[in-house]
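Each remark here refers to the structure printed beneath this line.
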Amino acid sequence: MTHSSLPSLSVRGLTLSRGPRRLFADLKWDLDAGSAMVLRGPNGCGKTTLLRVIAGLTRPESGEVRLGGAPWKALNAEQRRNCLYLGHSAALKEELSVDANLSCALDCDAESVDADALAAALAAVGLGERRHLEARRLSQGQKRRVGLARLALSAKPMWLLDEPTNALDAEGVALFLRLVERHLGAGGMACIATHLPMDIGAPVREIRLGSA
Amino acid sequence: MTHSSLPSLSVRGLTLSRGPRRLFADLKWDLDAGSAMVLRGPNGCGKTTLLRVIAGLTRPESGEVRLGGAPWKALNAEQRRNCLYLGHSAALKEELSVDANLSCALDCDAESVDADALAAALAAVGLGERRHLEARRLSQGQKRRVGLARLALSAKPMWLLDEPTNALDAEGVALFLRLVERHLGAGGMACIATHLPMDIGAPVREIRLGSA
Amino acid sequence: MKIYRYASPTLFYPLAGALWPWFAGFAAILGAVGLYMSFFVAPTDFQQGEVYRIIFIHVPSAWMGMFIYLVMAFYGVLALSFNTRISAMMMHALAPTGAMFTFIALLTGALWGRPTWGTYWIWDARMTSTLILLFLYLGFMALTHAIDDTRRADRAGALLAIVGSVNIPIIYFSVKWWNSLHQSTSVSPGTAPKMAQIMLITMLVMVFACWAYSIAMALVRVRALIREREAGAVLEGTQ
Amino acid sequence: MNAVLPVAILPNAELVVERGAWVALKRDLKISMAGKGELAQALAFLVIVASLFPLAVGPETMLLKRIAAGVVWVAALLAVLLTLPRLFASDYADGTLEQLLLSPYPLPLIVAGKILGHWLTTGLPLTLVAPLLGVQYGLEGAELAILMLGLLLGTPVLSMIGAIGAALTLGLRGASILMALLVLPLYVPVLIFGAGAAGQVQAAMDPTANLSLLGACLLFGALAAPFAAAAALKISLD
Amino acid sequence: MNAVLPVAILPNAELVVERGAWVALKRDLKISMAGKGELAQALAFLVIVASLFPLAVGPETMLLKRIAAGVVWVAALLAVLLTLPRLFASDYADGTLEQLLLSPYPLPLIVAGKILGHWLTTGLPLTLVAPLLGVQYGLEGAELAILMLGLLLGTPVLSMIGAIGAALTLGLRGASILMALLVLPLYVPVLIFGAGAAGQVQAAMDPTANLSLLGACLLFGALAAPFAAAAALKISLD
């Protein structure tokens, strides 16, 4: 699958403060199909906040996010379709089984995935035998791995990931990097906030947000 | 300060299963004052569970934890005094200010700390100017750092830490390692579940729990 | 955009500063005159005696109570549609005054009820709907106080005010209807002593006094709010 | 563990917007089914509250018959209130609400789906069990029927108004009681029309007026509430 | 950022066990104060619920006077119920409850402190505002006094029983309503004695019997509840 058709994401003069402190001012950068932007910076510098702004969950004080020329209407349906956001929380319903959780998430993303693909994805992230387990029983890392499965199945061209490797073991991190690689290879885009090195075989740019 | 008087922690034949799967069986190890035990293993292998058993929050199926000969009465007051547990969650009251949170935690630990020491600790973990901020406003990493401040102030000889470096930036991790070093240097003990290398200037042993 | 959102408070601040003393003055004068008239000029009511004079406080405050909530809703619409900070502030500034008037209406009403029909409270339609109006005010203030992020507080408050104001007529009507279902309520406060000319004038004077007072208070509170948020506004706005 | 990764699926070209409501509804029903015996709980609550009153006011049958409809309605109203946190608060706590907001489907539709789901798991069962209580209080035939009809028309409105309150108080401390503060006054008309209708039948009067007023509220709510609640959600998550 | 680390403090030799209750109380009061206007909210809830009834049953003064005490009591009971999640659930959600369990102080003492805190922020204010409602329903003098006295003795029991229910339902889905199911039946005696006392005064009878029964409940609860709740907590967190 390829997103090569996809226009580039551009951030234009984003500015946002929290309380007395300005998190970022007049941010300007573009992201082209097939490449990733890694957000770095010390704790509290504003990575999460920036991701939420790009996702359209938080309004910037000024500036805007554009998807190929067109201004990004926060939470506008057509554009929401293009973007998948994984936040700090695993976004699981504790009382639902793992695969119920996954299929719910995919339904909400309006992705149509058949049961086999779903099972395959869960197996690939190491939750094969835990498919029918209530999510609340999962370990911290396993919860994050459900998110990885979602990435594996997602057809959305733009990924916004907030510290996706938290609580993952070494093998999980490797798996994640492979997923990103494949996604970018297929012409997707990704904005990733992380403290880990992202050494993958695809164009990766970094921006550092000012220290907190 | 020194805990040299402290008896060693010994785990005797701990066994626990979750659902169909046996997480650990007949675990046996001792931990002497001044050294740390690092729990390693893939996601879902039972690190968190084991820590909770040692803390006395979860009952093992068989086996027991002893503190220098005496059997560890789960949640027995005198022994609880010796042990500080930091779990996956930051254990903060969102609506309280950072320092209110810290002082509450110390009160519950029955540690008497004066305001200056508290302020110093917060400054040391980089929350100096955020002392009076509501905890809910903190970034993920900053929330963990409150936990670090608590470690810095704790006089408890035994630390049980569950992935304490989650969401911390490089500088935060370094800070954490320094804290553990000092703690062990003072004759303390620590059981730490983590996926990161723990290279510190103090005796560190590792156990791998069977793969999940 | 920026101008829209940030400059207007800074422009409004001095304006409000210049205006509020005037309205305060009007309020004081009209209030004094009105009270004097209501207690010394207006004739004794032949059936209710002196107590009826409460009406000169009771009715205006009751009216203000209802009216101010609608004004809040109006500012709420402005705040949401043009997201002008100043109108949101006006909304916050008006709430306490409106609540106060509603409460005064309840209080005076209750005090009036004691002598006229021997109990502080009956579930008369108007009394009940006024009580519910007070609840709406309390709800609004509780919500906006519970939210500490001003942006969210503004917008949430605006939405609530709008929803509430849509409901006010429904509530008012439904309560009247409810009351008419149960005829057994013997007395109703509606039995207005026929308004003599002078009474009417007094009433009007008091009404205007309340108006002036409300405006003055609103302006003062808005200034306080602007001052409170100034630091934020400057930071967020320019630089 | 490191099996080959499944190839991602191509995006299905066109988005059937209407499915939004259905997706949300299905999801919430799934969750309710997972949370064992939730329906049972809502019902039991209603029954218990209704049974508390005779204990509090004394057993005189005439008196009880007089207050029967009122008690049932107030109890139903509180039962709905108690279950409102399920609507958004739990999703907010575990981060799934953000995901719903980011879903391509229009938010008001999703909200509508959730509201419907909430009604199906609270209002509807309450309506069905109401006659039971009515009988406890000595109501009969037509009285019971009208009581049920009123609840059938009224409880959806309770869910709708409740949704707005729930969305506004999202993530605030003491949200549950704050929500009660916001929502209960708005419940007044429904309460009056609903209990009024039942009362009229007892007084051998014609309840159609009240019932049609309830119907009007229902229509109006159905049109306005999803949009209001959606707006409130966006505000609360900003 | 990398300032020198403060030297940790030496452990204070002996542990003053009794402080446990005080620590917990102080903590919870702090939190209540942080959550703005919580007291106000509990009160407002009581007032609103009490004001709903006349709308449901009609404004006849005699009828209302009859049910006055019952309504106030049921409303108070529900207000307590709605605020119970504050007791443990919120601490459980954010992980602070584990920390309390691991604190060196004896758990029952900590629980006792929390219960006291809960009463001070709900039961007490409810008691103080009750007369207002009584007046709305046309109660006077002695009737109001006994109503208040009853609440003063009864509401602490509500908090105590509630604590047990809250601890048992910790972390379960739909906990709020499940808790209601567990707790409400246990509230029955309190309700009967309390409302009964008020009723007797209205009937010009002597309420002391009921009141002393309430007092007995209070004593027994104070002795038993903290231990029961503490045990329940340990079970729920295992």
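All chains are identified by letter, namely A, B, C, D and E, in their written order; residue positions are counted from 1 within each chain.
Here is the rule we go by: a residue touches a chain if its C-beta (ideal position, glycine included) is under 8 Å from a C-beta of that chain, and two chains touch if they have at least 3 such contacts.
It should be emphasised that the depicted structure is a prediction, and the values quoted were computed from it without experimental measurement.
Touch-path distance (fewest steps) from chain B to chain C is 2.
The chain with its Cα centre farthest from the Cα centre of chain E is A. Taking B-E and C-E together, the chain pair joined by more C-beta contacts is B-E.
With chains reduced to the mean position of their C-alpha atoms, the one farthest from chain B is C. In terms of their C-alpha centroids, the spacing between chain B and chain D amounts to 44 Å.
Chain D has its Cα centroid 34 Å from the Cα centroid of chain A. Averaged Cα coordinates give chain A a centre that lies 30 Å from the centre of chain B.
The distance from the centre of chain D to the centre of chain E, with each centre set as the mean of the Cα atoms, comes to 26 Å. For chain B, the set of residues touching two or more other chains reads 88, 94-95, 126, 171. Multi-chain contact residues of chain E (touching two or more other chains) are listed as 1, 34-36, 41, 44, 48, 55, 58, 173. Annotation for chain C: residues 132, 135, 138-139, 142, 146, 175, 178, 181 touch two or more other chains. Considering their complex, residues 1-12, 15, 17, 19, 23-24, 26-27, 30-31, 34-35, 94-96, 98-107, 234, 237-238 of chain D touch chain A. Only residues 18-19, 41-44, 48, 88, 126, 130, 133, 137-142, 144-145, 163, 166-172, 195, 212 of chain A touch chain B when the two sit together in their complex.
Chain B meets chain E in the complex at residues 1, 55-59, 75, 77-78, 80-81, 83, 85, 87-96, 100, 104-105, 107-113, 117, 120-121, 123-124, 126, 152-156, 171, 174-175, 178-179, 182-183, 186.
Taken together, the chain C residues at the contact with chain D in this complex read 80, 132, 135-136, 138-139, 142-143, 146-147, 151-152, 155-156, 159-160, 163-164, 166-167, 170-171, 173-175, 177-178, 181. Looking at the complex, you find that chain D touches chain E at residues 34-36, 38, 41-42, 44-45, 48-49, 52-53, 55-58, 63, 66-67, 69-71, 73-74, 77-79, 82-83, 85-86, 90, 93, 173-174, 176-178, 180-181, 184-185, 187-188, 191-192, 195, 199.
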